[in-house]
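First the structure, in the form of structure tokens, and then the observations on it.
As written, the chain order gives the labels A, B, C and D, with residue 1 at the start of each chain.
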């Protein structure tokens, strides 16, 4: 059953060195506050999983938290490359980063299989694609009815998944709405799940029955962090800070500038600072 | 007739290839602009799908990312990402998959993964995202990119997504039953695959472009169709629609520029 | 793109003798009007697919439309057996009925695979179950990562699927809400889809973005049939006619009484008669 | 203390086996009544899931079918049926799967498919529905049924769902890592599987019941625990809760009895 904790305790209780961790979000609802808390607490040797690692993965990798990254698109969405990730892959800085690379279809199916308790996912994919030759976790099964060869990938089963969502009710049920991405699967596939939310409401009685609600007993810890997905956005609360994504491209281009920015904007800050960062974006939501 | 840039011509030529009945899997950048120009001009009922799960979107401004809020707000429905890849892409419902490329070869094979060796890359690019399956599950693939010798190469460093492979019936030999790349639109020309060899062949030059310019900006020896057409210049409506869209987009994205400390 | 037609034409244009047809609904939203129209038009040799064949399948089988039934639970929900289906299986009346029987998990996965364009579905199922020994369409694949043996069933791909839904907009987009069951998958898995709806509204602009909406281009034909799921129910419109389910148990128990009831309540009626049947159930919805 | 029927005792005994932390996959009939009595008495936060996709329901009246409207209206969320079977049942999130049986053997194997030969049945029953996977994916399985020699048999005609098979470690030998049937509650007694053989053994007799009555209504030679308990009679609260629930249910279902011609 979900318990409500300050983010600092939520991260400390649920993440540990060496974990396989997913901080999921598909452009929308990226759990930035949780990732920053993980950086402040200085975890090491993490295997970081995400379909679309973006700024927060660039930051965690640049700060040396990650041993390995599992992903399908490692870019700054709409802007370009992830320069800290590149530095790790190309130059081993701050230390070498192992990568396991998939397509979106493979990762989406792998999370789905994880949520469904299966050991693997099958799908029609990777035909003629180079990844199938460099990633030993891309295999195949043969359909026992048609003989068609289908791609197979292992299920993703993170030790812990972090997501950001609109709101929880007092019982700890969680609502995710808008672009729901892969978040439900990422939570259900994980051994533990931590959700940061914009707010807590009394109950969900007025919600449409078919919305994406994670029952309280599927979530381990909930932390209230208004603005917690900035510079990503929260549908219904505040808009995406596109300028921050553009700016990141410059910050991450230089090791020193990156370090300084992280020191000033992450290491010396707390989860409480996120609310102020989205003030000017609320009208636009 | 206004003057126009090669990039505008590229986007508008791509928009013309789309019809009201198409269901497009849209990537960010030129594909997104082309699809939305089509929607705002001759194809108002075209279905635009972004891989974030938004089906039937009609954004007022171009999204910076594939998951911008407006895509969801204007969509007919927004579905989870696993459903997007299973029911909608793999389910064979996408007529046109739109891809860009860091490196492209003459058979429409695309690299957006690495420059250099995969395990010791010179440049680590973002990777394929949805492309490996967009390339094989969409009925057809349209490619847009600005021409350059670095981009259009004899041999790509990595097969992020499969086009026509080594050409001919290579797709068929792999059991892939979709058409693959059927159109390449650059800032200089319109290319289509040869019926037999599947090599991309220039079929139309944009206004003011020449065979020489096309060859100078392409890393392989270019084939030209016997009867080479000239791409009609953008109409006033097309150009106004594209420029208005880009102006709205610029204003919107700059609107969030003020930052908290 | 969806076109709007009277139900009679919708059925005539989309169903033909020998088709594999699914009239899906999971207790909620059963497409009774469409099934009755099929009975009136006298189709033959149908392979009828449905997770939970209930009254309308009992009726179609009893009237001799079906050659084969593919299902996972052939009961009158909450009441008991399907007596016309029993008569066909046990006594070959009105003629023998071939059956292909699965579990719910298998059928749900098979529809899902159909919607996903896959040739088969894999899941963890049928362990120790007798169906695996009598149904040759239950096979297995081995996970290429763990070696676990998983069950496999062929995808369901009906020639035509009929469903009932709350409403369409003028463009032909269709909303299904409440217990959404397997309807979306049944439509997307089929070559053709016919949807009966309670009403048509101007647009869906006020709908929450995450509801179950079938875009117009995934639906072939829409017919407006108020009350069209009676004695099942339509969430938001009218309640389930539980008494009719209880009564069916007696009607179907006797071949003659069944025939008479079908003559009077189906053969001599039209789709327009459904609206009246739910009048007294509307308040309770 | 009121008098009570054996069926009431059965339902109430089953309700007592459920806790606030349980996530129950509920079938129609006695399981549904037991789960809702538990919810309305000692386990207000129990999660009830019906296979129609309704998660965390709290119906005011018992549903006639597993897909009644009130299940959705009172649910925390309602999901598509494929998701129910994939993420929730197969995903290992169900603690208690509640099953009934047309035929049951001493090892908790259940038949609800056919009486007689599968291909030439004497009686064609509805079939398994969700049972084959409920029996193997739920952490534990509880079974409720009224005792009879026709129902509790030496050998079932068809293995609709697997209990302990031939007993002992048969589940483990099939690679099934869940506990299987751990409780059988009839109108006469409470049964639990023997720790080693897994044969259902009577551990508690309901008030007024005897070993003889249990044996007379069971098709196999019944094993009794060394120390046989007596099931506590229903409390006033339990009985009132159950009867009120059933009265509300009856009134509600009859409320739709008026029929149009």
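Keep this in mind: a residue touches a chain if its C-beta (ideal position, glycine included) is under 8 Å from a C-beta of that chain, and two chains touch if they have at least 3 such contacts.
No experiment lies behind these values; they were computed from the predicted model shown.
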Quiz prompt | Chains partitioned by contact, chain A not counted | solution = one piece
Quiz prompt | Between chain A and chain C, centroid-to-centroid distance (C-alpha), Å | solution = 39
Quiz item: In whole angstrom, how far does the Cα centroid of chain B sit from the Cα centroid of chain D?
Solution: 57
Quiz item: Residues of chain C touching 2+ other chains?
Solution: 112, 116-118, 123-124, 148, 178, 180, 185, 209-212
Quiz item: Where in chain B do residues touch two or more other chains at once?
Solution: 72, 78-79, 86, 90, 137
Practice problem: Would you identify the shape of the chain contact graph, picking one of line, ring, star, complete or other? | Solution: other
Exercise. Note which residues of chain C are touching chain B in the complex, please.
Key: 1, 112, 115-118, 173, 185, 188, 204, 209-213, 215, 217-218
Quiz item: Where on chain D does chain C make contact in their complex?
Solution: 28, 51-54, 63-69, 71-72, 78-82, 84-86, 89-90, 113, 118-119, 121-133, 135-137, 158-162, 165, 170-171, 174-176, 253-261
Quiz item: For the complex, which residues does chain D have touching chain A?
Solution: 21, 23, 47, 55-56, 72-73, 75-79, 86-87, 90-93, 137
Exercise. Could you please specify the touching residues of chain C with respect to chain D in the complex?
Key: 26-28, 51-52, 71-75, 77-82, 85-86, 89-90, 101, 103-105, 108-109, 111-112, 123-131, 134, 148-149, 178-182, 184-185, 212, 233, 235, 239-245, 247, 276-281, 284-285
Quiz item: In the complex of these two chains, what residues of chain A are touching chain C?
Solution: 116-120, 122-124, 137, 139-146, 148, 150, 152, 154, 177-178, 180, 208-212
